[in-house]
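The data blocks that follow each hold one structure.
One chain, chain A, appears in both complexes that follow, with chain B as partner in the first and chain C in the second.
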Partner chain A sequence: MNIEIKSLHFAYPDGTEALKGISLTIASGEQIAIVGQNGAGKTTLARHLNGLLKPSGGTVFVGDWETTQHPVAKLAARVGYVFQNPDEQLFSRDVLTEVSFGPRNLGYAKEKVDALAQRALALTELSEKTEVNPYDLSPTWRKMVALASIIAMDTPIVVFDEPTTGQDAANVARIARVVAELKREGKTVIAITHDIDFCAENFERVVALSRGQILLDGATRDVLGQEAVLAQTYVEPPQLTRLGKRLGLKETVVNQEELLQALKK
Partner chain B sequence: MAFVNVRNLTYAYPLTKQPALQDINLQIEEGEFVALIGANGAGKSTLCYALAGFVPHFFKGELQGEVEADGKLSSQSTLSEWTLNVGLTFQNPFNQISGAKYTVFEEIAFGLENIGVPREEIKVRVEEALALTDIRELARRSPYSLSGGQQQRVALTSILVMRPKLLVLDEPTSQMDPVGAKEVFSAVRKLAQEGMTVVMAEHKTEWIARFADRVVALKEGRILMQGAPREVLTSDLLFENGFGVSRYTSAAREARRRGLWTKKSLPVSLDEAAEGFGAIR
Partner chain C sequence: MSDRLSFHVQRDSFLHRLNPLTKLTLAFALVVVAFVLPFYWTPIFVLFAVIVPLSVSGKIFREFSWAALRLILPAVGFLFVMQALFQPIGEQVVFKFYFLDATTESVAYAFRNAARIFVMISAFTLFLLSTHPSELMSDLTRRGLPSQFSYVVISTLQIIPQMQAKANAIIAAQRSRGLDTESSFLKRAGALGPLVGPLVFGSLVEVEERAIAIEARGFTSKRAKTSLYEIADSKFESVLRWSLVALVVLSIGLNLWHS
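After this line comes the complex of A and B, so read on.
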């Protein structure tokens, strides 16, 4: 299911122009990271994908649906959106109820709801915590619950808003495994992130936003190699990319294996 | 005499058995910049709360040992006395916004108003703080209409403007863009040079290595290791305990395993990595 965004403009009620003409096509099954400075419009863009926000100008299509023509509850079957702040999303008294809520709300039968919830819990390694109240979990694990509750809806498109924020190395690795698994299942994954190393290691395409517009869009290696342009939106290339440049490597390296291979040459 | 003295601190939240902090002993000199690292649940936030007086004044529970700063004990001060000297930014900036103010400017002025700073001085100090964190353009906006990273900058600014003697920052850059995060580390480094004592819980080891004086690594509520950033961040102990380290360190460790990296020490910075890997080429 493709996403087709054409000349998208959006202004908040107070007049803040958050998006100024975004055009973007995302093919089914792509893994895309969206990067860019604070306030660039990343969250605003993401919230257009599941219809939480409607364009002030331009159009957003998810498959053959234009988002203005379909209620958020319907779009939820196509696009799952994990909030930047889990506290905006969680409201159930235990983890299992929370994670089952989405698929139940989509009208699935009980067996399917249970199966989807268990799969999402296993994938996020929350299976031991099903009876806990999300509010008794640390903020970082609450984020994992928020992630699980969206994965459980089994939508063809999943959008993560800053999934690795404040996460330790172990949880970042868990989130990377979730992304890899969703990719294997052929789902489209769109992640907003400031963690450029995580971005380099897990996504094949990167879109850099700056002040409501697209600054760069392309293959990860091509985008993350452009140090000077990225600086305009307060992003630095990954650590190992900077190292490769410093070492005078001809090709842009974006991860450890590429660096070590290039050094052997 | 150190500026901060944490002595035999053990603390458990109400209705919990396992203490969140166990037997913490920590001395911090005036003007020192200490970074706290550790996995989720290691106790970073709890130690921040203890330094900032929220443990035991806001979070009750069971406390042994003591926290001293600037010659005073937190247990013998009220929270409002303590916070005159000690500023804390919360992990979630949303929790920090007062809800009483309509603009970012007023939000940042709020703390100064509360302690009766004259109007003219407030204006000067708020302008100064807005410049320091690079958010002058947000001054007239509503604190609630900001993006997460922008809110985090506002929360940080509203603490910096108070000029605390001890600044406690709980993951202050988690939602910031990469360059903004680095700028916060660099600004904090400068404040420490000017005499402010800083404790910062963080995961960004590249900037910790570059800007902090010391790293304290927490595991399951205890101090696992502490020392100079390079020594701690390249140690086998941290690696064996699954701590996150920079890509420079982990790539060199892997290169060493493959017999490519021959230097004795592992790198923590781009410069050191470039030097070490440069020798391989």
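After this line comes the complex of A and C, so read on.
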């Protein structure tokens, strides 16, 4: 399911112009990271995808649906959105009920709800914690519950808002595995992130925003290689990429494997 | 995104420049006068001769009117209708609603009470719109009130807009999980659980975290605190405050004498 954004403008009620003519096409099954300084418009852009925000100008199509023509509750069947703070959504007495909440809202049969919930719990390594109250879990595991509750909705598009913020290395690795699995299933994954290493290792395309406009859009390697341009939106390429440059490597490297290969050459 | 975390509206006006304690005294005095002065039209007089002109001179008439029409009037209107229909006084019926009668006396009684409540909420709305919580806190602490007490006052003033901002975030998160908050009343009523749960729990967690955070910065230290802001005060304002206190005493005296 493609996403087609054309000349998207958005201004908040206080007059702040957050998006200034964004045009973007995201093909079905792509893995995209959206990066940029605070206030660049990343979250504002992502919230247009499931209709939480409606454009001041321009259009946003998710598949053949224009987001202004459908309520959020309906768009939720196409776009899953994992919020940054899990505590803003958890309310059920146990993990299984919490994870089942989304698919139940979408009106799936009980058997399908159970199957989707179990699959999401397995993917997020929560299968042993189904009967635990989410608030008895650590913040990192609560994040995984929030993530599982969106994956269980089985949407073709999943948006992660700052998935790795405040997470330990083990949980970042878990989230990376979830992203990889979603990719394997052919889902579109969009992440808003400041974690440039996570971005380099897990996403094939990067969109850099600055002051409500697209600064760069392209393959991860191409975008992260443009250190000077990225500096305009206060994004630093991964440490390995900068090390590669300092070592005088001709190609841009974005992970350890690529650095080792380049050094061997 | 910008979320207002207090009701305060920044303007350059005479009202804004008044000392926070003067404005607080004024709000209390207006409420007491509206409630205890034994003249029927006192609340209306207080509203139109004091509160509304102050909102105009304070350059916050638009925000004040919005609050009055959207928040205060519906609540006070409900109170008026209830009291007019259910107060068992008087015989001359002016309005009948099925088996309920509104009499001239019950309508007059309901109107006076509704006007008093309107004045009470309006006076504090005016105070909140023209006073920044941190200024009030600084001034109260400077005057020797325990900082814990000031903190309770400030938290109370800030809690509604903060919870409003949090509620908006929660509504967005639950709508994203397919929760229908836009259609029929029944569906919206059913959505209350997923919205209230995170709001209450999140607020409790926030209170605890904030308590720890301010304690970690020496909030309960016994040493005299340094004030970051210099809150202006003057002899004139001191006289004004004592005059308001005198007005309150006079009103209570008049009420006792009248009864």
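The definition used in the following text is that the second predicted complex is superposed on the first by the 265 of 265 C-alpha atoms of A that agree within 3 Å, B and C clash if a C-alpha of one lies under 4 Å from a C-alpha of the other, contacts with A are read in each partner's own complex, and residues count from 1 in each chain.
Definition applied: contacts are C-beta pairs under 8 Å (C-beta built on N, C-alpha and C of every residue); 3 or more make two chains touch, one makes a residue touch a chain.
Since the structure is predicted, the reported quantities are computational estimates derived from the model, not experimental observations.
With the C-alpha superposition on chain A as described, chain C and chain B clash in the combined arrangement.
By the document's definition of touching, of the two partners only chain C reaches A:150; chain B does not. Of the two partner chains placed by superposition, only chain B is touched by A:243; chain C is not. Shared-chain residue A:184: touches no atom of chain B or chain C. In the superposition on chain A, contact of A:260 is made with chain B only, not with chain C.
After overlaying the two complexes on the shared chain, residue contacts for A:172 are found with chain B alone; chain C is out of touch. When chain B and chain C are set side by side, the one touching more residues of chain A is B.
Annotation: chain C segment clashing with chain B after superposition, chosen from 22-30, 166-174, 184-192 or 220-228, is 220-228.
Residues 12, 14, 16, 43, 85, 87 of chain A contact both chain B in one complex and chain C in the other. Of all residues in chain C, only 1-2, 166, 169-170, 172-183, 193-194, 196-198, 201-202, 205 touch chain A in the complex they form.
On the chain B side of its complex with chain A, the touching residues are 38-41, 91-92, 94, 141-142, 145-150, 153, 171, 174-182, 203, 206, 242-244, 246-248, 250-251, 254-255, 258, 260, 270, 273-274, 277-278, 280-281. Only residues 12, 14, 16, 36-40, 42-43, 84-85, 87, 138-141, 162, 165-172, 194, 196-197, 231, 233-236, 238-240, 242-243, 246-247, 256, 259-260, 263-264 of chain A touch chain B when the two sit together in their complex. Contacts from chain A toward chain C in the complex involve residues 12, 14, 16, 43-44, 47, 50, 52, 71-73, 76-77, 79-81, 83, 85, 87-92, 101-102, 105-106, 135, 149-150, 153.
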